[in-house]
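The two complexes that follow have subunit A in common; it is paired with subunit B in the first and with subunit C in the second.
Presenting the complex of A and B:
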């Protein structure tokens, strides 16, 4: 144990963190110099295009490989007959988050858009045409599509190792004793991530060494996947992922098309690029599964909830079923009901494997829950905010655990104030604006867990007094290049411009996964620990050096600030890093750090980010065209490292909420099992003109328990709460409860 | 068969020998001219990530066949800044945090430059939103994009006024 005792973190923390530092990758991104995976073009590179299945279930009986091969510029056509070899078994699931893959191991088709062949060409144009010429013939089996495809059955387990069912108390008894009840069913559709950057990979082999450019949210974890499937040690693989053109959960681990491209590159002995088309994003690369959610709520005479029962049926694929959209989980942890029950059910369809999409479970679950809560408040004759406050949970419902922090009351108060919620008429269809548009106000509570994963980092103090920090983190737009560098600079007691931050590459310490709203806390925690370790070593050198003004001060600890180390209780004694290092022999000083949440911390406290979202909609009384005209979100998410970037992310999340409520839906053709709208003309996401009146408040929250930095994360919570708020506002404007999403004009036009 | 066209790309005269008539302007820029700032998001004119200026007008470069553009003057995101001096629209996008992942950003910026040149939106937020709605942003940085376009519009108008004064 060192005699150098470090001063507690807050004493020297915050000169960089907490500042709205402009994105450090901003210039690269506005000048076109930011290099995304598909921008790479190594010498001698080939282009690959995969041919997608055009049926949802059956077998490929014929491919016109001769026609494809005869096309000028086509150099190879891979099918199950000559598939490029892989070492790992595509049908196995060797890791957490792995799914069974389609690597041309046989001729079966289990979902539309599944790769059934890979065409390699000297040019993109040749490979693309080659894929068209294959003209696949099939033995078609009737596809299973929709909730009626089979009776729902209980899920074996939830995603992320969660149980399929959670029971606290007896909801049947709670419902039986209730004075008033709602029993409602809400449907949410399949949604596809559709990052603007399609999945892409450029693979280059050199013997048994592999270099990959690909957007990836969990770089070191994914390196293990490539190592397994290609039978080489992870150290032989370099993944570069400096910029992701969005991820949203779909770029966490490699999917079939990417692995197929790497296998083909090995077989061809040349570098190879594969980029998915927009349509190919609807199948092999994950999606948010559709849900049908039944919510039963009971209240007593005081409007106190006696039961909250949430059963969610999710549509899953037919061959893995590992990811039932965990919507029912959303009812755990929020409202103080005296009994709670959530259960996941599944219905199998012939679709690609669903996966985590921004706020997995929470987005769909919150949409249904917040609308059902609104229905309950209506029955109770109460204002929806008053009803939520009446059922406010001061400890985690069910478990009784204290919250690590919970500033939800402040979110409600500040959000309501900013929005002007007071005076809202209780009954629907009371407000009309100056243009005659029906106007409605609705609200929803936002909730998202504050997880941590595991990450490592390295920090170096250089002889010139500057710093270098490294972790294989991923910036998919959330701002990791900036926020993590801010944390790292603080941990080294240096200004931001004196710290070099390396990230986005698999040869760096494992930065964990950019997902679950846990990346800043986790990778940031590791960086903080690494910097702290480097400063500790520096302090040991100074305290032991008779020539240093800090000689002998090790027992009182140090403050590191602006490149100088100060004695904690006597700041007249200090020395510059560079001077300490020079006298110690001029060697750089290395610190290492890691971060993960100790299980006992998770046992002791329930940890969530909270928020409140208020929505105004205006609706044409004849055409029923809907506009979200104002959206105010107040969120409490612990320490905010970069307010500007956090607000951007929260706004982005809220716009995802608009999208969920009014736009997004993959529509399946029941006859063929194919998605009918596999492009942006048919799969609607908000455009600029759909977005106005956005207002985000970050509510101050100190959390001493969640992690040493007090960070909870803001990536996903913006989606939650928002969907319900909009649905409830539409009811308030029209008096119509539409119990499915997205809500469309025709829903309001129809008699109801 | 080869098709020879001449283009002005970001001010440089280029003679381009095309071995394939199917090559789009987007793929020409990205795969043959090493100008990868222009992005492919959908390849069918629905997302705007590939927006460039052709003879001063904003177009979706994925929908334009290169062989049809003989003699055209093309500006891409790489041609906007003068050395280290950013174009006002580029600077405004950074200042207003008008992007997150950055993938749609070159298209957004080229579209904004085109919109401002069209002079049809001015600094009216509603018209700016409408005029920028051909450019999708999945990160949904629309709030910052709108602010950036309005801010850049005003700054460019001021510069023009100063010059003409």
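Presenting the complex of A and C:
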């Protein structure tokens, strides 16, 4: 066997990360081979449909269960009188992220669309008609709807264990000494996640063992929920969640309808499927709560902010109140104001429990903040970008902590250049295009935290030199598994096609939650650690084996590349993985890894992704129909594992920003507390024709502190900044400040 | 699902013979099936018209009119070259409605028969005089920002959602129907009814009557050079109108020789006032003349709730669509049909 001539190659960490690899699930999805949860049909399966409350507050006094049961094909009707048993207490909150549930424990109605009965049928049609035939009668109490339902009161705490109030310095004093001030109030509406794939579950019991197919963003965590409510060990539960048709924060933990379905499956002794209708997505499965935000900003004679005071009042449910949309948070961490105050208030309504929805807090908060900043810049007579640069924070405002990295200046510069921001007229209503459309340019700063959670992973080097990696990560449709596989392949020193990637199942190591924009960093970190561990073990074998070219090189370490292990300081010495394993007896090599951010790292640095979004809108001068014609976003989010997927996700966030600014809104009937636009004909999101000129720049950013891989996150930041940029562009086009979202034709027409 | 009988006759006579009270005729199903799923209509018998022969032709008539079979698909009519050349604002209106997939399934007859999109009509748990006579109108004090400003009654403030019917109304289309007592013609102006004190009677059809065809009379011809449809809405495509307007002009020597004008999304039927058209005749096509016409067309408009803005928006839409018509029908269908952005968007067609 002739010896290969080895050309020393530049040292680098793998060759997969950083490549725009096409997503691995794409073909399966476009050809229909991807099996989503609701595609499963185990033998003997029953269909369940929940009957939703059609009032927002009161008590169910009668259900016509006889009529429902008499309908052909209806097998069972569960109501509070014969509810399928659960072991865990639905009124308790056993875990973080758990909410009080409606599992038919009583006849109370606390929000519209709450499950009040579960109908089981041999067919979906039978169960659906059974639900209709229940014809519920109620004792109705007047619902509390809107901000005027009661006086706002201080929130007990913010979501995610955050405080309701953060104070740095004295904003009242800062406002008192300010040369100029703005004091503005912005409203944002309730929004509902409405992933393309609705919540769905197929549950199958075998004794006290449970198999579940359901789309889920936190598979192992959710397994614990099911274990609690059904009184069985987590090991008895297998959750499969290979594909999600979107989650957006709504599929992190199981909600009432899913748990009811599992309880019914157990009671019926047959597999059972439940899929929410589109309308049923508006209530029991979380939403982004409406906010009313008062922002007070003061500046001194140099346009330096003396105060930034942000009070956000969020509409919350009446029975849990654990998730006041944390909009005021958006004002922490961004601008260098000499005093900072953010406070969360709540108003209780008769609605389902709000929850985390893509960029929770920051989406709504940034919308109001970035518009208020624009108003302040206007008052200061400054270009909005110049004003933001004037108040640029080089350390975290208030805390004084250094940023782990912050390439926001570069985002501003590159975004502004790509957009052509220079030369923008300061005053509004100055630009009219060749077709007579009012044209406006606006900008907003994007900010989102770069958290990490906890995850584990396993990596195996097989005797044939290929690899296998496992972690129960979730791919919400954005391509997470492809990026994670890239990280895993690099850690094993293998090309992507030599690594089998297993994920999306609860019997794998805990991949953590796909949320908070932290999944790639966390699950990726665990995969990296596992692969590194496997390579370390492989190196130990080789270094201890006199027959290996790597014998005795153990103390200099190894480089793993393309299925060969190299001595770190002498690349002429190397050996293929398969050869090392074969001589060691042909047993596969297993590595284990975990990732989490050490608390001291979190203490030492402030960690955020940053960005700058520039928007152009065109508006018909008389009809006021609006269109976002250009949207440029420049984002610095640490290391980008897969540029194509990251840019897609940032684009998706920016499109959500268009949606927030111009379209999305749950419309409540104030008399009944019911939402009247529970379908996509009424609940508008942008269509293709609304999305033009989308341009994403990822700004290079090396972050040595955020985590070993230098990854932040791109899942949510695209929404932030964008909403404000569009609102500001509308002002710039028309001279009108519309202080609520979505902005509608009606708003501009009213005084135009 | 509520059980129902399903029949699929092959002739109009068989279809009519199959009719009994509680039956519904099924065309493309893009509206009726949705309403059945949400429990708003519950026919005991569904008479599927999909196999009827002889109702799928588009005929250009001598004298310039046209006859369109009730089962012609919306897409097929909009893309029929001869028809679109003769009646461009009808084609533009159709292409401004729904989505490609829906237009491919929806029939012309079904388009005429569309039910209102009022959220309360579509919600079986709300009072609605149209759905359940005498139960009241939940929209009157509810979320009504896109409901009627013309022709409404205390009993109902819903609007007709059709785009296609607006230019058809402007052009004075005739609806050919056939029922147990034979065939008859119904002028489109009489076809859709204002709610009055009988909102549940939304069309002039008698029980068992079936739309056979839509006819554009010879008088509707001759407007092809100056005919436009404009649809104002909250997003650029795939949304119902806040207001829409169809206008067709015949220009002669710098003067308006004939005019056709109607508004959509403002009432339970397309809103046409022929006096408005008469007012334009003999005038130069100026903004002032158009504004006078708009004022007359909207005479008597009043908000039925939080929708007063629609009156001013409609006024502006009328002026704009008349200006667009005066400027001439574009040679090609705009990338965004009927959109304020349609003629100028240098982009791929969204049709």
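To be clear about the criterion, the second predicted complex is superposed on the first by the 738 of 752 C-alpha atoms of A that agree within 3 Å, B and C clash if a C-alpha of one lies under 4 Å from a C-alpha of the other, contacts with A are read in each partner's own complex, and residues count from 1 in each chain.
One rule holds for everything that comes next: a residue touches a chain if its C-beta (ideal position, glycine included) is under 8 Å from a C-beta of that chain, and two chains touch if they have at least 3 such contacts.
All of these numbers come straight from a predicted model, not from anything done at the bench.
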Practice problem: In the overlay, answer first, second, both or neither for which of subunit B and subunit C A:132 touches. | Solution: second
Discussion item. According to the stated criteria, A:246 is in contact with first (subunit B), second (subunit C), both, or neither; which is it?
Written reply: first
Comparing subunit B and subunit C in the superposed model, the one touching more of subunit A is B
May I ask you to decide whether A:744 touches subunit B, subunit C, both, or neither, giving the answer as first, second, both or neither?
second
### Message
Between subunit B and subunit C, whom does A:435 touch in the aligned arrangement: first, second, both, or neither?
### Response
second
Inquiry  = With both complexes overlaid on chain A, does A:669 touch subunit B (first), subunit C (second), both or neither?
reply    = second
| query | When the two structures are overlaid on chain A, which partner does A:649 contact: first (subunit B), second (subunit C), both, or neither? | reply | first
When the two structures are overlaid on chain A, which partner does A:625 contact: first (subunit B), second (subunit C), both, or neither? second
First (subunit B), second (subunit C), both or neither touched by A:592: neither
Next on the checklist: Quick check on the superposed pair: does A:687 touch subunit B, subunit C, both, or neither? Answer first, second, both or neither.
Outcome noted: both
Subunit A residues where the subunit B and subunit C footprints coincide 125-126, 129, 681, 686-689, 692
Note: in the complex, subunit A contacts subunit C through residues 54, 72, 125-126, 128-129, 132, 279, 435, 437, 618, 620, 622-623, 625, 627, 662-663, 667-669, 671-672, 674, 676-677, 681-682, 684, 686-690, 692, 744-746, 749-750
The answer for subunit A against subunit B in the complex is residues 22-23, 25-36, 38-39, 41, 73, 123-126, 129, 194-198, 243-248, 275, 277-278, 476-479, 644-645, 648-649, 651-652, 655-656, 659, 679-681, 685-689, 691-692, 694
In their shared complex, subunit A is touched by residues of subunit C numbered 1-3, 38-39, 117, 119-120, 123, 125-126, 138, 141-143, 145, 232-240, 242, 309, 312-313, 316-317, 319-320, 336, 339-341, 343-344, 347, 350
Within the complex, subunit A is touched by subunit B residues 20, 22-23, 27, 30-31, 34-44, 46-47, 49, 76-78, 80-81, 86, 90-91, 93-95, 97, 99-106, 109, 125-126, 128-130, 132-146
